[in-house]
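What follows is a set of structures to go through.
Next come two complexes built around chain A: one with chain B, the other with chain C.
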Partner chain A sequence: MATTASGRTTVPAPRARQPRRTTSSLTTNPGGFWFVLPFVLVYAAFTVFPVLYGFGMSFFNVSLAGAPTSFVGLDNYAELLGDSQVWRTLGHTLLFTVISTVPLVVVSLAMALLVHTGVKGQWFWRFSFFAPYLLPVSTVVLIWNWLMQGDFGFINGVLGGLGLPTVGWLSDEGVALTSVVLITVWWTVGFNFLLYLSALQAIPESVYEAAALDGAGGWRRTVSMTLPLLKGTTGLVVVLQVLASLKIFDQAYILFGGSGGPGGAAAPILQHVYDTGFVNYRLGYASAISYVFFALIIVVSLGQFALSRRRGRTAA
Partner chain B sequence: MSTLTAPRAEAVATSRSGARVRQHSPLGRALIVTALVVVALLWLAPLAWALITSLKPEAETTDVPLQVVPDAGFTGTAYGTVLGNDNLITWFVNSTLVAVVVTVLTVAVSALAAYGFSRCSFRGRGLLFALTVAGIMVPPQILVVPLYREVLAMGLADTYWGIILPQLAVPTMVFILKSFFDGIPRELEEAARVDGAGSFRVFWQVVLPLSRSILAAVAIFVFIGAWNNFLWPFIITSNPDLMTLPVGLVQVQSSFGVRYAQVMASALLAGLPLIIVFMLFQRQIIRGVATTGLGGR
Partner chain C sequence: MTRTTLSRRTALRAAGAAALGVGAAGLTSCADPVTGSGSGGQLAYWNFFTGGDGERMVQLVDSYRDEAPQVQVTDTTLAWGAPYYTKLAMACAGGRAPDLATMHMSRLPPFAAHLLDPFDLDELAARGITADQFPERVWDKAQHDGQLYALPLDTHPMVLYVNTDLCDRAGLMGTDGQLAPITSAEQFLDAGRRLADVTGSTGISWAAADGLGGWMMFWSVFRQLGGRLELPQGGTAQVDRDAMVQAFSFIRDLTDGTICSPTLDGPAAPAVFASQQAGLFVLGPWELITAETAGIPFTMQQFPALFGDQPLIRADSHSFVLPRQASLDPARRSAAYDMAASMLRNSLSWAGGGHIPALSAVSDSPEFLALQPQANYAGAADVVEYDPDAYFSGSGSQLMSFGGQQILSVSTRAQTPEQATDTFLTWVDQQLAIPSPV
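Up next, the complex of A and B:
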């Protein structure tokens, strides 16, 4: 087993006399494969296999209803290009990603900066902002569906009480996607908030003390020192948020009971995948749409990776 | 709150942060507090209104204009009704069972694999690890169509294992644990091996005890993810007796119709367990977000 260390030479010397940490038979444990085996089995069966199987399916006409499966080549992909519902739901997904990422980053940063000032009641603020993140999506949506009711909903009740016009949160085509954004911000902002808060806590106190000696006030310090120091964290938060927002499905699906909202105005692309596969039973075509979406996710991930490497190099 | 943080750390934190807030002018301080109160109210209002609604008699939930205290007074009837309904209890048991099994198995499988990747050498290790890291990019949502057919073919549709098995492969967690194991000095293990311990005993008696905090963070995030998972259980279960809470709750709205007090009572009850988990493990959860940065998504 000692010979398996790739490329590294093992010097057989008495261990006790060896102060340097070299690759000995002790660090290259025998039986390593057995440690990895359980994971490899579940990973192969429930990730690698479905990835390949789904890709294969996208070249076939596969029906859940029992009709025979037939090879159709690139037909599914060709059909997808002309499927207006694909483009429409993809548009909703991208729009949702843009208009949800901005508040999810800005609001979480504001929350973290406010809490980090050290105002009393730290536990309470953290709890208030993070607790919604822990609720199951169904709980979140049931509550907001109730709050957003047109005639007797809480939000319209408050708006009316303030003399403002009421809004068709769930019934107005132009508002439906915004409603999903509001729910998502309320539900998940706490996660970004905690990322920012831990980054703020990692800034050494001496940095602030030096600025205080220079006579910089609280607001000026935040703008000129804290925000630049948070650049790296903001990059991470934006990337995680864009990837999370692109995968929008659960909230939108449940909020409108699977209808996609008034006129289908809030149906994301994953809902089109779901409808195609599990409502219309066209699994091959649903797989093809999944793979176009997958390609989008990979492009975003790789783009982010390249960007962060370049940024890392210029910073160094 | 002082019971949740080590007393010394707490003292340090307050003296520091006290200094920080004092650096603001009195007006600045007033603005900070006002902003925090407004945001906290906005964030708590939905939960508060849900709680108020759940405590109203059904006939008064939709009163216009809005009324906080119902004319007939608050009542726990809605809670009695939904808890007397077998479904909610069944879904609660299912969710607990699924989340606990998923958590235990995922942590076990991931920790073993992470140790194998970190400390052992075997043929194909580099390739396997590269494949694992690549898996971090695969959104679980794109797998549902092929997974559904696969699990159907295995005869596991509408079974607990059908819900559980596809959730066990979490490459992110393997990656996080491997990074942590990489940072543990090898000398400790070597000492144990000199004493004749085998690989597994070294892992179990030396490495795992050193990794308690990261294992707790991983376990908590896997648990949150499993408890709240909607899409896969939704697709693979059609039998109400096997549904988890998030899936079952969606049925509640249609079955309870416009009985909003009952809908809100069920929704809040389903959210309660994780809120309690948070109150118990606040420190670990907050640290977990910081160290993993990826959990729960």
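Up next, the complex of A and C:
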């Protein structure tokens, strides 16, 4: 339904009166197939095939060092059940996902709300908050590696100057993963911020005007109207963020030079997969680990899908 | 003057044609790698040298190009560590490996088993290269199953960088422009304390939080203490536990925050030395360029014997290897021998990066002996200690990385030396028990 300039509401005409379309729609038109074909080919060659091939590899003792390959059945899967490093690094990944998703959602929302209040120089804030997201991961991590140096890093310098105890950002087992979270938040919060900001800008002004007439103050409007109206966006941001955080690898790998951090406390499961397959030459076993992780991601995704569907139903 | 305007259509057409051309060239070079016949031909060479080493490697490749203008050499540089070794292994397994490749000798065993061809000693002799021209320990490490699988280019041992100004002020310099001899661990620690008084921060820069930097100190000290570590696949580690505990204890003594910071990582340790916040610095010789660029007064020396009477030093060597080919072209293989021999002969320029040339004709030459500070530590090549043999050992390996974690945990006092030893040996035994990929 649309409202015309004259204020009259135009009702879509019944189907029968529409001029009959002479060509079939995009979905039924066989021509559509040819448009999709290039993508399908690339997708099949570089996603579907490797996924299936890798799954097959997980049942063999494939070695990068060229040793003869033989079928080992479920041995790789049996081995990973008893591999403490698999469960430890999986724990790191899950912990990272939890402690990075919360700030990445909350901070980005706060930033979007602040910018949306109408501060001067909107473009400047938008640019500043989003700019780190445009940097390559290696640049981001190298900057933070120097900031977080234990002995002469900027952050510890400031802490020391304020008379506070310095922190072993990169050398303390209990802090290492938090350092990765800090870097990740600084680096990627801009993307969520942008999603929130565009959602905020899509809320029509008239809604707020009506609320203001009813006597709702700024705080009340934010809590009772803005946040509920952002529910859909929050769902989207959380889904995207959880999936992105589960894939944690590059920041942690570069920050600690591939060592996994102090006591291996910042080694995510993907690094264990990488080390097993590419450093230790055990491609078959590494595949098995990655497929167990893959299954976990699917479970998480389905769980989120179910949740959002239920939410959608209750909302409707 | 007429100006021709390039229409978008023409440009696209040209670009398309160029892309097709490149693609076609790529295809033909895959299908039929050797275009020339007889003396001409192509040669693919892979290495992992970037930065200062990278420039010197290009010089070496160019000098071979000058010697053999009929051979078209394609040199490819990849990031060192796992990215390089992964690609090399993949290329070997796929049967389309480069004709010649660079490799750390500490990473040789798993590659030599299935992916490389041994060198033919007669072919090498025909090019003037024989076993007696290499330091014995280096030559021995290049063997696998009684055959030569790697042709050593250099040795890069752990060395001691000396800030001559700071060490002078700490009263540590001898009369010959070198550090007064250090003959015990206590003396080394004391030198660190005295330097810390001079710098006002720490005395010695050493990267306890870096896998490579940490491991080379640990392995040198462990070997000087007489420690042995043997890693039989499928068995349990044969190790001198006491020596390992002692080595970890030394690490703890060293990293008391005055002698040495417990938390310097890979990029930080050279930076501390270059900014004169420490008087001594311990790492491989490749930071020579960093120190030169910083313009500080410095020299480099062989790392001393802190324990025992032999200054055993953890080292690794860059070498050339012959990846196994699906179908071997004798002309290309012969050119690979030529190129390796040429780069060895010309390795004086390679020594500019701090590495000790492996070929005695170069390392004994008056030119090299006049090279400062490289000549100071050239003797280290006779006392090098390579990492233990295992598929998960060597430069950039899991052994180094896991060992590095234990070293850091001792220096930050998260573990006692006994705990670190137990953690390390438990892990090593686990690695030996799991199926080997070799």
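The criterion applied here is as follows: the second predicted complex is superposed on the first by the 283 of 316 C-alpha atoms of A that agree within 3 Å, B and C clash if a C-alpha of one lies under 4 Å from a C-alpha of the other, contacts with A are read in each partner's own complex, and residues count from 1 in each chain.
We adopt the following convention: a residue touches a chain if its C-beta (ideal position, glycine included) is under 8 Å from a C-beta of that chain, and two chains touch if they have at least 3 such contacts.
Predicted, not measured: the structure shown is a model, and the values here were computed from it.
> Could you say whether A:T117 touches chain B, chain C, both of them, or neither, answering first, second, both or neither?
Touch partner of A:T117: chain B, not chain C.
> Does chain A have more residues touched by chain B or by chain C?
B
> With both complexes superposed on chain A, which partner does A:D151 reach: first (chain B), second (chain C), both or neither?
After superposing on A, A:D151 lies in contact with both chain B and chain C.
> According to the stated criteria, A:F59 is in contact with first (chain B), second (chain C), both, or neither; which is it?
Neither partner.
> Report for A:F278: first if it touches chain B alone, second if chain C alone, otherwise both or neither.
Both partners, chain B and chain C.
> According to the stated criteria, A:G263 is in contact with first (chain B), second (chain C), both, or neither; which is it?
Touch partner of A:G263: chain C, not chain B.
> In the overlay, answer first, second, both or neither for which of chain B and chain C A:E79 touches.
second
> Which partner does A:L170 reach: the first (chain B), the second (chain C), both, or neither?
Second partner only, chain C.
> Going by the contact rule set out at the top, does A:W87 touch chain B (first), chain C (second), both, or neither?
neither
> For chain A, give the residues common to its interface with chain B and its interface with chain C.
The answer is residues 145-146, 151-152, 257, 274, 278, 283 of chain A.
> Show which residues of chain C lie in contact with chain A when the two form their complex.
For this pair, the touching residues of chain C are 81-82, 85-86, 89-90, 92-93, 110-111, 113-115, 201-202, 209-211, 261-268, 272, 277, 391-392, 396-398, 401-402, 404-405, 408-409, 412, 414, 434-438.
> Where on chain B is chain A touching in the complex?
1, 4, 13-14, 16-21, 23-25, 28-29, 32-33, 35-36, 39-40, 43-47, 49-50, 53, 61-66, 108-110, 112-113, 115-117, 119-123, 125-126, 128, 131-132, 135, 137-139, 141-150, 165-166, 168-169, 171, 174, 186-187, 189-190, 193-194, 198-200, 202-203, 224, 227-228, 230-231, 235, 245-247, 249-250, 252-254, 260, 263-264, 266-268, 270-271, 274-275, 277-279, 282, 286-287, 289-290, 293-294, 296-297
> Which residues of chain A touch chain C once you look at their complex with the stated criterion?
Going through chain A, the ones touching chain C are 61, 63-67, 79, 145-146, 149-152, 168, 170-173, 257-260, 262-264, 274-275, 278-283, 285.
> Once bound in the complex, which stretches of chain A touch chain B?
1, 4-6, 15, 21, 24, 26-36, 38-40, 42-43, 45-51, 53-54, 57, 62, 110-111, 114-119, 122-139, 142-147, 151-152, 154, 157-158, 160-161, 186, 191, 194-195, 197-198, 205, 208, 212, 217-219, 221, 236, 240, 243-244, 247, 249-250, 254, 257, 270, 273-274, 277-278, 283, 286-287, 290-291, 293-294, 297-298, 301
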